[in-house]
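Order of writing sets the labels: A, B and C. Residues in every chain begin at 1.
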Amino acid sequence: MSSVRCVDLCKTYRQGDQDVKALDHVSIEIDEGGFVCLVAPSGGGKTTLLNAIGGLDIPDSGEVWIADQRIDEMSKGELADLRLANIGFVFQAYNLIPVLTAQENVEFVMQVQGVAAAERREKSLAILDEVGLEGLETRRPAEMSGGQQQRVAVARAIVSRPALVLADEPTANLDSKTSDELMELFTELNRHHNTTFVIATHDQRVMRYAKRIVRMLDGRIVEDLEQDAA
Amino acid sequence: MNIVLRLAWRNLWRQPRRTWLTTGAMVFSNTLLVFMISLQFGMYELMIDNTLQVFTGHMQVQAPGYKEDQKMRQTVPRIVPLADSLRDRFGLDTIAARGWAFGLASSDERSYGIGIFGVEPDYEPRVSSVPGLVREGRYLEEADATGIVIGSVLARNLRVGIGDELTLLGSGKDGSFAAAVVHVVGIFESGIADIDRNFAQMPLRLFQDMFYMDGDGHQVVVSAATLEAAELLLPEVAAALPDGAGLVVHDWDALQPGLRQAIQADMSSAFFMYGILVILVAFSVLNTQLMSVLERTHEFGIVMSLGLRPGRLGRLVMLETAMMGLMGLLIGAITGTLFTTWFTVNGLSIPGMEEMAAMFNLPARIYPEVTFATAVAGPLIVYGFTLLAALYPALRLHRLHPVEAMRVN
Amino acid sequence: MRMTPVLTRLAWRYLWRNHRRTIIMLSAIAVGSWAMIFMTALTRGMVDQMIADGISALPGHVQVHDPEFLDDPSVVNRITIPDDEFARRFDDAGIKAWASRVRVPAVVTSERESRGVTLLGIDPAAEREFSFVSYEDVEGRFLESPEDNGVVIGRKLADKLDTEVGKRIVLMSQDPDNEIADRGFRVVGLFEASMPTFEESFVFVGKATAQRMLRIGNATTEVVFLGDDYRDVDPTYQLVAERVDDGLDVKRWYEIDTYLGTMLRVMDGFVLIWVIVIFLALSFGLVNTLVMAVFERVREIGLMLALGMKPSNILAQIIIESMLLLAVGLAIGNVLAVATIQPLQDGIDISVVAEGMEMMGASSVLYPKLYLNDVVLANIVVLMLGFFASLSPAWRASRYEPVEAITKVG
C-alpha cells in the first residue's frame, strides 16, 4: 500500500518579474515505511514538493494522495486536522516555540489533539528519552544547542506516531557529528515504527542513510534510485 | 544634514503601522486638548463677562468695610457729585452710582423681603445688563418720582403688574423707620430665578429720600471696555478719589471672589485630566521609540563599528521622534481646530447641563472659539513630553557596545 | 476551550518575552486606570457632599406642600391638616423620619440692619434627623421645644446684623390676609454650617411661636420626609403619596431642587466619558503593542498553524494576551487608586477656593468617595473595549498562511 502518491503536480511562483516553475509535472509514489531523500540544489523544488505532500501548499494542478485520501481538494480545516493527526514536520530552523520548554513543545501537539494531561506528560517524557534528551525537559530552546533543538523538534514530530514525517533540510544548521546522530535516530524510528520519512536535503551525509534518492532539477524529477542505506 | 533628515524620515516609515498608531495617539489627545482648552477659556471669559455685567461691574468705589459688612451706614458721601466728577475725569459714561438696602415690599395680596437698588437711570444701563432685560413696561427715567422696576418672578409672587402700587418698608441710614409707596413701571426678566425674584430698582434720588441718605450712596460702579482695560483703569480711579474720605476701590475679583475661584477649581481638575492624557501619550512614544531602537541593535552595532559615535545615533533617534511628534502636533492641531470649529458654528449644549449653566450665568448653548493660543497650547505640551519620553531610548544608546550589538540575531 | 490553559500559558510567556515593552504598557494602563478611579472618586465625593448638603437644606427626600406653595411661598398656601392627623398617618408607616414645619420668607431686623431670610418654625425634636444644624454645636443653645420663644440664627447672619446671643431681633412676614405679622425674638443660639449661605439665610424659631406670629392656627406650610437612600426615593414617595391626598402636592427632592438632580445625572455621564477617553488614549498603545508582538512572531504562528493548530486558536491566544495585559495593568491601577484615596479620606482642604465652591453649591472640604459600581464600571469598560481593540491584530494573525509565515525571513 502506498503511503504517498503525487500525480502530475505543477506549481508556479512569481518572484519579482519572473515566473519560477517550482514543480513541473512531478509524479512520485512512496510506500509505507519508505525512507526517501529529495535532493536538489536550492530552488530545485524539493521544499515545494515537501509542502505539497504535507498539505501546506496546494499545487496549481495535479493530485496528492496520502494513504488513499485525496488531499489537494481538502479544505484548510481538513488539512489542519490531517497535519495534526498524520504528519510530523521537522523544519530547517525555527521548529520550536521559544517560550515553551522542551517538554511543553512536545506536549503542545498532543494538547491540540486533545490528549489527556497525564498521557501527554508520560508520552512526552518517554519520547524525549528516546531521542536522548533525558534531563533537558525543562530547558527552553534558547538554552539548548542547535542539535538538541532539532532533537526536540523530532521528538515533537513523532510523539503521536504519525505515519509520515517530512523533514526539510533538518541538518542544515548542525555540525557533522550531530547530523549523524540525528540521522541515526531517523533510521531507528523508520526501522522500529515503520514511519515513512521524506527528507529534503542536499547534504551528502544525509543521503547516505536513505533507501531511495530522488533527484530534482528545476522542478522535475531527473533521477529516482534505490540504494542500500548505510 | 539633509541625508540625516532623510534617514530619520525613512526610519520612521520602516514600520508604517507603528508610526501611524503612535501619531494617532498624539492626534487623538491633541484634538481633545484643543477642543477642551478652547471650550474652557471661552467659557471662563463668558462666565466672567456675564456675571459681572449683571450687578458687579469691573470695579466699585465703596466705603471701607462695606464689602464685608454691607451696613447701611457705611456710605460713600455725596455720591452723585463723585460719580459726575469721575465721569468727567475719565470721559466714560460707564460709571454709575448706587444705593443698596433691604426692605419689605407689600402689594395688595403679598409681602416679600427684597433687595432694593437706588440707581441713576441715565447711567445704570451702561454698567448693568438688567435695564436691558425689561420685558414689560419700561425702565426707569430720571424724572420718575415714584417708579420702580422689579423682577418677573417677584412680580408674579407679589401679584402685581405695570402700574400697580407697592409699599416698601425698611431701615434708613441712621436706623430709623423708612417707608415709601411706589408704582411698578417696568418688569425685567433675566432668566435667572435668584435675580428675578429678589431685586428691585428705583431712582437713586427716591432711594436717598426714602432711606434718609443725605446725598450718600453705597457703590459707584465702574466698567471698562475689556477686563484688561479695567485692570489699567483701577489705579487711576483710586488716585482720583477725594482724600480724607477713606474710600476704596475694589476690583471684581475682590467683589466676587467666588468667580475666579470657581474658575481656578475648574482649571485644576482640567489640568489633572490634561496631564493624564499627556502622560499616556508619552508612554506610547516611549514604547514605540524603545522598540524601534532595540530592533535596530544589530544595525547600530554595525554602524558604530564603522566609527559612528553613540551620541550621533542618539540624536538620530531624537530627530525621528521630533519628526513624528511634529506630525502629531500639526495634524492634531488641525483636526482639533476643525472639530472645535464645527461647534463654533453649531454650538454645544450638553443635555442636562442647563441648570448648571444658569448657575454660572452661562447660556445653555455655548459656541467655543479657537484661537491660535488654544489651538497650539495643548499640542505643544504633548510635543514637549514626546521629546522627553524619547530621551530614555536615545540615551540608552550610549551603553551599546558594537560587538555585543552585532551578536544580536 | 480545552486549549485555554496552554493558550493562556503561551500568552503569559509571550508577554514577558519582551519585558520592557510589557512593563511600559503595564505602567501606562496602571496610570490610566488609576486616573480613572481617582478622578471619579473625587468628583463623586464632591457631588455626594453637594447633594447631601442640598438635601439637608431642603430638607428631606420627599416634601409635601399646598399645590400653589412652591410657586408662591406665602402662608396663604398653607397646609391645614393638623399634626396629630399626620402623626396618625405617618408614625407607623415605615418612614425613617418626618416633620411638619412653617417655612416662609421673612425679613429680619436688628438695631440697624435688615436682611431677607427664610423663617423656619420647627419642632426641634422631630427635625433632628433632617437638620444641617448640629444641635450640640450651637453657641448658646438650640430651640428646646415648638413653644420656644427664642430664635437661632447663623453666625454669618449675626455678623451682618451686628447682633449676638442675648440681643433682640424682629422678624417680619405676612399673615393670610396680607397684614404684616411681626414679633420680637431674643437670639438664644448661633449655628455654623458647612455652607455659608445656610448661615445667612435660615433662622429657626419654635413652630407654635411661628404659627401664632403668623396667625395661622395649627396650620403649617411644609411636611418633609426622610427615607433611607436619596438615590432610591420612590418607595418613600409611594408611601407618602398613598397617605396624603387632600389635594396636596407631593414631590421628590430632585423635582424641587432640579439643579442637584441634574448634577447627579451629569456626574454619571461624566464618569463614563472620562473612562472612555482614557481608554481611547491607551488603545493606540495597546493595538501598537499587539501588532508589534504579532509581527515578531510570524514564524512561530506559521509553525503552530503548520503543526495543525486552528486559526481560531491563534486568534484566541492573541486576545488572551491582550486581556492579561489589561487585567494586570488594571489590577495595579486599582490598587494604586485605593492606596492613594485611603489617606485622603479625612478630606482634602480646598478652602483656598471656598467661595468658588460655594457658587457651585459645594463645601470647601473635598471627601473622595470610592464606589464599587464606579470601579467595576471602569474595569469592565476597559476590558470590553480592550477586547474589541485587540480583535483586529488578532484576526490578522489568525489569517496567516503557514507557508508564507514560515518562509518569512526576518
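In this text, a contact is a pair of C-beta atoms (placed from the backbone, for glycine too) under 8 Å apart; a residue touches a chain by one contact, two chains touch by 3 or more.
Everything numeric in this text was worked out from a predicted model, so none of it was measured.
> Measuring from the mean of all protein Cα atoms shown, which chain centre lies nearest?
Minimum centroid-to-centroid distance belongs to C.
> With chain centres set to the mean of the C-alpha atoms, which chain is at the far end from chain B?
The chain lying farthest from chain B is A.
> Just how far, in Å, is the C-alpha centre of chain C from the one of chain A?
Each chain reduced to its C-alpha mean, chain A and chain C end up 67 Å apart.
> How many Å are there between the centre of chain A and the centre of chain B, using C-alpha atoms for each centre?
Computed from C-alpha means, the inter-chain centre distance equals 75 Å.
> Roughly how far is chain B from chain C, going centre to centre by Cα mean, in whole Å?
Inter-chain centre distance comes to 26 Å.
> Which residues of chain B are in contact with two or more other chains?
Residues: none.
> Please output the residue numbers of chain C that touch at least 2 other chains, ranges allowed.
If we look for residues of chain C contacting two or more partner chains, we find none.
> Along chain B, where are the residues that touch chain C in the complex?
Its residues touching chain C are 15, 17-18, 21-22, 24-25, 28-29, 32, 69-73, 101-104, 106-115, 156-157, 169-171, 175, 198, 257-265, 269, 272-273, 276-277, 279-281, 283-284, 286-288, 290-291, 294, 350, 352-356, 359-360, 409.
> If we count contacts the way the header does, which residues on chain A are in touch with chain C in the complex?
So the residues of chain A in touch with chain C come to 51, 54, 56-57, 77, 80-85, 89, 91, 94-100, 104, 108-109, 111-114, 156.
> Using the touch rule from the top, collect the residues of chain C that touch chain A in their complex.
Listed in rising order, the residues are 2-3, 6, 9-10, 13-14, 17, 299-300, 303-310, 313, 402-403, 406.
> If you look only at chain C, which of its residues touch chain B in the complex?
Touch residues, chain C against chain B: 18, 20-21, 24-25, 27-28, 31-32, 35, 39, 42-43, 71-74, 76, 105-107, 109, 111-117, 159-160, 162, 172-174, 178, 180, 258-259, 262-263, 265-266, 269, 274, 277-278, 280-282, 284-285, 287-289, 291-292, 350, 352-361, 410.
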